[in-house]
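Each structure below is given as structure tokens.
The following pair of complexes shares a single chain, chain A, combined with chain B in the former and chain C in the latter.
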Partner chain A sequence: MTDLNKAMVETYRNDFLKEVEANVEEGNWVKMCMQCGVCSGSCPFGPDWEHPPQEIFAMIRAGKRDEVLKSESMWMCTSCYNCIVRCPRELPITHIMHGLANYAHRLGIAPKMNPTRRFAKIFWDNIAKSGRVNELELSIRLYFMNGFMKGIKTGLEMLPVGLGMLKTKRLNPFGLFAHGGIKRKGELHKMLKKAYEIEDKRKGFAK
Partner chain B sequence: MARKEYSFYPGCSSERKASASNYMVSVESMCKTLDVKLNEIPDWNCCGASIGYAEGGELPRHIMNARNIAISEKENPGQDIVATCAACWLGTKETQERITHSGELLADVNEILKEAGLKYEGKQPVRHMVEVLIEDLGYDELAKPVKKPLEGIKIAGYVGCQTNRPFGVLGESFENPKYLDKLTETMGATALDKYEEKVTCCGGALAFSEPDKSYVQIKKIIESAYDHGADMIVTPCPVCQMNVEVYQGQINKKFGTKFNIPVMYYSQLMTVAYGGSAKEAGLDGNIIRATKLEEIAAKK
Partner chain C sequence: MTDVVATNETILVVGGGISGMTAALEAAECGKDVVLVEKNPSLGGRVNQLYKYFPKLCHPTCGMEINLRRLRANKRIRVLTLSEVKTITGKPGDYTATITISPRYVNENCTACGECEKAVSTEITNPYNYGMDKTKAAYLPFAMAYPPRYVIDPSLIGTPEAEKAKAACKYDAIDLGMKEETINFKVGAVVWATGWKPYDAAKIQPYGYDRYPNVITSVEFERLMDPFGPTGGKLVRPSDGKEAKNVAFIQCAGSRDRNHLKHCSRICCMASLKQSTYVREKYADDANVSIYYIDIRAIDRFEDFYKKIQADPKVKFIKSKVANITVDKEGNPILHGVDTEGYHRYDNSHDLVVLAIGMEPSVDASRIMPGVKADASGFIDIHATTEAVFGAGCASNALDVNRSVQSATAGALRAIQVINRVSRAEA
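Now for the complex of A and B:
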């Protein structure tokens, strides 16, 4: 268990709902769920969720902290926003799922090998560095995240896709060396650093 | 002076040699015909896209968008912000909405922007290019420059998720938005208005991390287009375009299908209908070529 996770367990004891309300994006909406299940039925990856959103809301209120935060479920969200527009109580469900995933990731207890968690981290590091997406670097890092041999295998499988993109000039073959990004990178880095500092303080993450 | 002028947020995929560079080419041609001027936001950065939340949390994610908005307000004052990418539009609009509803977030954002000598005011509406087309110009104006009506081309209008939910286009329903069909009809094509999968999710960013689950979604989207006799699929979103076009080979291998259907942007259709060349419409940027559009573009 990470130190941060331990500290949060100490602080909130058995009140997981209170913890979610305080630390998870849009978490104060959780208690409004009336368990109709429209969100779960509307989700494009619904059958792939171990616990669909409706269940996640019930589990939060039942104090099932580990089962929720260590779940692969929230990482199935494709950000299609079906659940948001269909929820009769207008809960911002997509954002709550993102918030739960982010919180679990921040505490260091999200499933280590979940591909979307790993891809999302690669993606953010990619944009935070230069300010803009470097698509070639992003794909290569993704394909090789499970090791060199697996990377070669995935790369070969995806080769026709990559060649198609190259041929139509929709991929920069020199992207690893010649990606520009924004001009004022230093300014962005400074701003992001400060944003993390303030967020950590507000959410009790700061030491 | 141009008829309309906007502060333009093109987004990462629209860059040269990026996945939606052909979208950009066609948008430029379309706007030239419509006499719409796009003033690029200087030194814009990524919006954080739909999976930025995992590592970016709330404030860092909102800062990415707030920086763009603040630069826009400073450099392109008095203009609406316009994005061509669905995710850029959504991310920027969402950040603006959150800041509008939270004094604390506004204070935090401005405290951080000070590092770069910027200030957030949130006075510029954030809009998608299709909103500009149908709200500021209107279907009648869009029809005027049509030189080569796209007669006989049957189109499955695939709206997808992020231009449609959670914000959507004013006056349109989330379950059955009609604007894309109206737009293609305005260009003289036949819109397949019974196409069932027009708002089905393609998997979005998860096409990278959960390809097998996404392929099931993409397969549905394409199958329904074939069922209705579509010649091509048309979309307003760069992620939808890429996912539905480039993985057709992988899906054929996995499911034994024989998919080979072009997936185009509305702006490519419009450029061709306005008499633009294949190059001006970015048709050479599609992996699965839209031969019917190319034929019309080649006609004198």
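Now for the complex of A and C:
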């Protein structure tokens, strides 16, 4: 268990709903759910979720902290917004799902091998470094996410697409090394650092 | 010319449904003069279009008969049908009402013999059956219509059909030259009883009311049971006339939904429980009813009725708001969703789906006159209203028949208090 996770368990002992309200993006909406089930029924990936959104909201209120935060379910959300549009109480369900996933990740208890989490992390590291996505680097990292051999295999599979893009000048092979990014990257890094500080302070992550 | 003798000691009742009739009768039986204005050609309103009431499961025609008896016995009520209130101006105890009266093209000589109906062949969609069938363009709105007088539809005027109807009438009751009239008269207080209308089901896009013929509303379902209804009392589905033995009810169709009606319409839970008995009445043990609900709101003594239906093995309760509906090749609606008791995903096929449709006020109260205030759903907000305009029945809130009648009596009493103040001031 990470230190932050321990601290949060300590702070919100036995009141997971309060913890979600305080720390999860849009978490204060969770208590408004009336368990009608329209979100779960409307979700195109619904059958693949271990716990559909409606169940997650019930689990939060039932204090099932570990079951929720360690779940793969909210990582399944593809942001189609069907649930938000149909929810009779206008809960921002999509945002809550992402909020929960992000919080679990911050606490260091999100499922380590979850592909969405890993992709999100690769994407974030990539864009935060230079302020602009290095698409070539991102794809290569993605190909090799599941091991060297798998990466070679995926790379070869994607070769015709890459060559096609090269031909139509949609891909610069030197971009891998000479990716420019934005001007004054240092300023961006300072901004992000400050944003982390503010968030950690507001949510009580930092003492 | 329609003469209406009214003073500022007269009570104007707007709407001739169960609430308006009750308010008018209660006030008149207390010795007050009443003008009762109804938009349709007959009194009776939506209650009369129901097959049965809950929880006693008796027929509304019975209540209608009692009210009509009281009405005929009372000289203090003047009934204006096909009439609508245009404006009300003035102040409590001294209002002027402007009413427009549409032509009926049939006068007081009518004996409701029905010869004009036989003479014409033109048909119009029948509003009494929510447009599910047609009626002749010379018609009696329904068997118990009051006044018991025929109506010639305006679309007939100027056609040879109208002349045929006139020629068929033995009592010189058809007057094709009738024009719309506008009249003004004084009233002291107003009881506003314009009632409700079903929410537009087509707006609930995932349920496909506008796309699937076998998805109907609860008010339409009532008409299927009526021997004078579009199917002659047969419980069959619209697409192919197949017997509707496996019927699903979807609760909160439009109600308790911030995308549609914010309020709980209060009647729909009891209406579906009641309608489950219709399916049982028609098909006995071949019947299968599924009620999809968020929570059943059977208030007070209705709990007993709910318990009785719950004990019926042919009625299944599924705690889930249906997410969407599709249809298979045979036209059977398939309901998709996830239930809350165990989070099981279902794709259930039914013969017919009934949307327990929500109620919204027929008239947005904020448009009556400046001093009349509406709540968030458009019902009259009695606490914020500064005029002597008193909401009765479903104009004031989403109410069942029983509570509408109570509300109408309360509205009549408030109006009487205003009239009594006027009388004392003038004595």
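Basically, the second predicted complex is superposed on the first by the 206 of 207 C-alpha atoms of A that agree within 3 Å, B and C clash if a C-alpha of one lies under 4 Å from a C-alpha of the other, contacts with A are read in each partner's own complex, and residues count from 1 in each chain.
Rule of thumb we're sticking to: a contact is a pair of C-beta atoms (placed from the backbone, for glycine too) under 8 Å apart; a residue touches a chain by one contact, two chains touch by 3 or more.
Bear in mind that the values here come from a model prediction, so they are computed numbers and not experimental data.
Under the clash rule set out above, the superposition-derived model of chain A with chain B and chain C shows the two partners fitting side by side. Seen from the Cα centre of chain A, chain B and chain C lie 70° apart once the structures are superposed, a value rounded to the nearest 10. In the superposed pair of complexes, A:M34 makes contact with chain C only, with no contact to chain B.
In the superposed pair of complexes, A:P88 makes contact with chain C only, with no contact to chain B. When the shared chain is aligned, no partner comes close enough to touch A:G108: not chain B, not chain C. The wider contact with chain A, measured as residues touched, comes from B rather than the other of chain B and chain C.
In the superposition on chain A, A:G204 makes contact with neither chain B nor chain C. Looking at the shared chain after the overlay, A:L192 reaches chain B, while chain C stays out of its contact range.
Of the two partner chains placed around the shared chain by superposition, chain C is the only one that A:S42 touches, whereas chain B remains out of contact. In the superposed pair of complexes, A:C80 makes contact with chain B only, with no contact to chain C.
Overlay on chain A (Cα): least separation between chain B and chain C is 8 Å.
Across the two superposed structures, the residue set of chain A contacted by chain B and also by chain C is 85-86.
Interface residues of chain A, counted against chain C in their complex, comprise 34-38, 40-42, 46-47, 51-52, 54-55, 58, 85-86, 88-90.
Interface of chain A with chain B (complex): residues 25, 44-45, 48, 76, 78-82, 84-86, 92, 94, 98-99, 101-102, 105-106, 115-121, 123-125, 127-128, 131-133, 135, 139, 142, 157-158, 160-161, 164-165, 167-172, 175, 182-184, 187-188, 190-192, 194-196, 198-199, 202.
Residue ranges of chain C in contact with chain A, taken from their complex: 206, 252, 256-259, 294, 320-324, 336-340, 343, 345.
Residue ranges on chain B touching chain A, taken from their complex, read 12-13, 15-22, 43-46, 48-60, 62-64, 67, 108, 111-113, 115-116, 161-162, 165-166, 168, 174, 200-201, 203-206, 208-210, 213-214, 217, 246-247, 249-250, 284-287.
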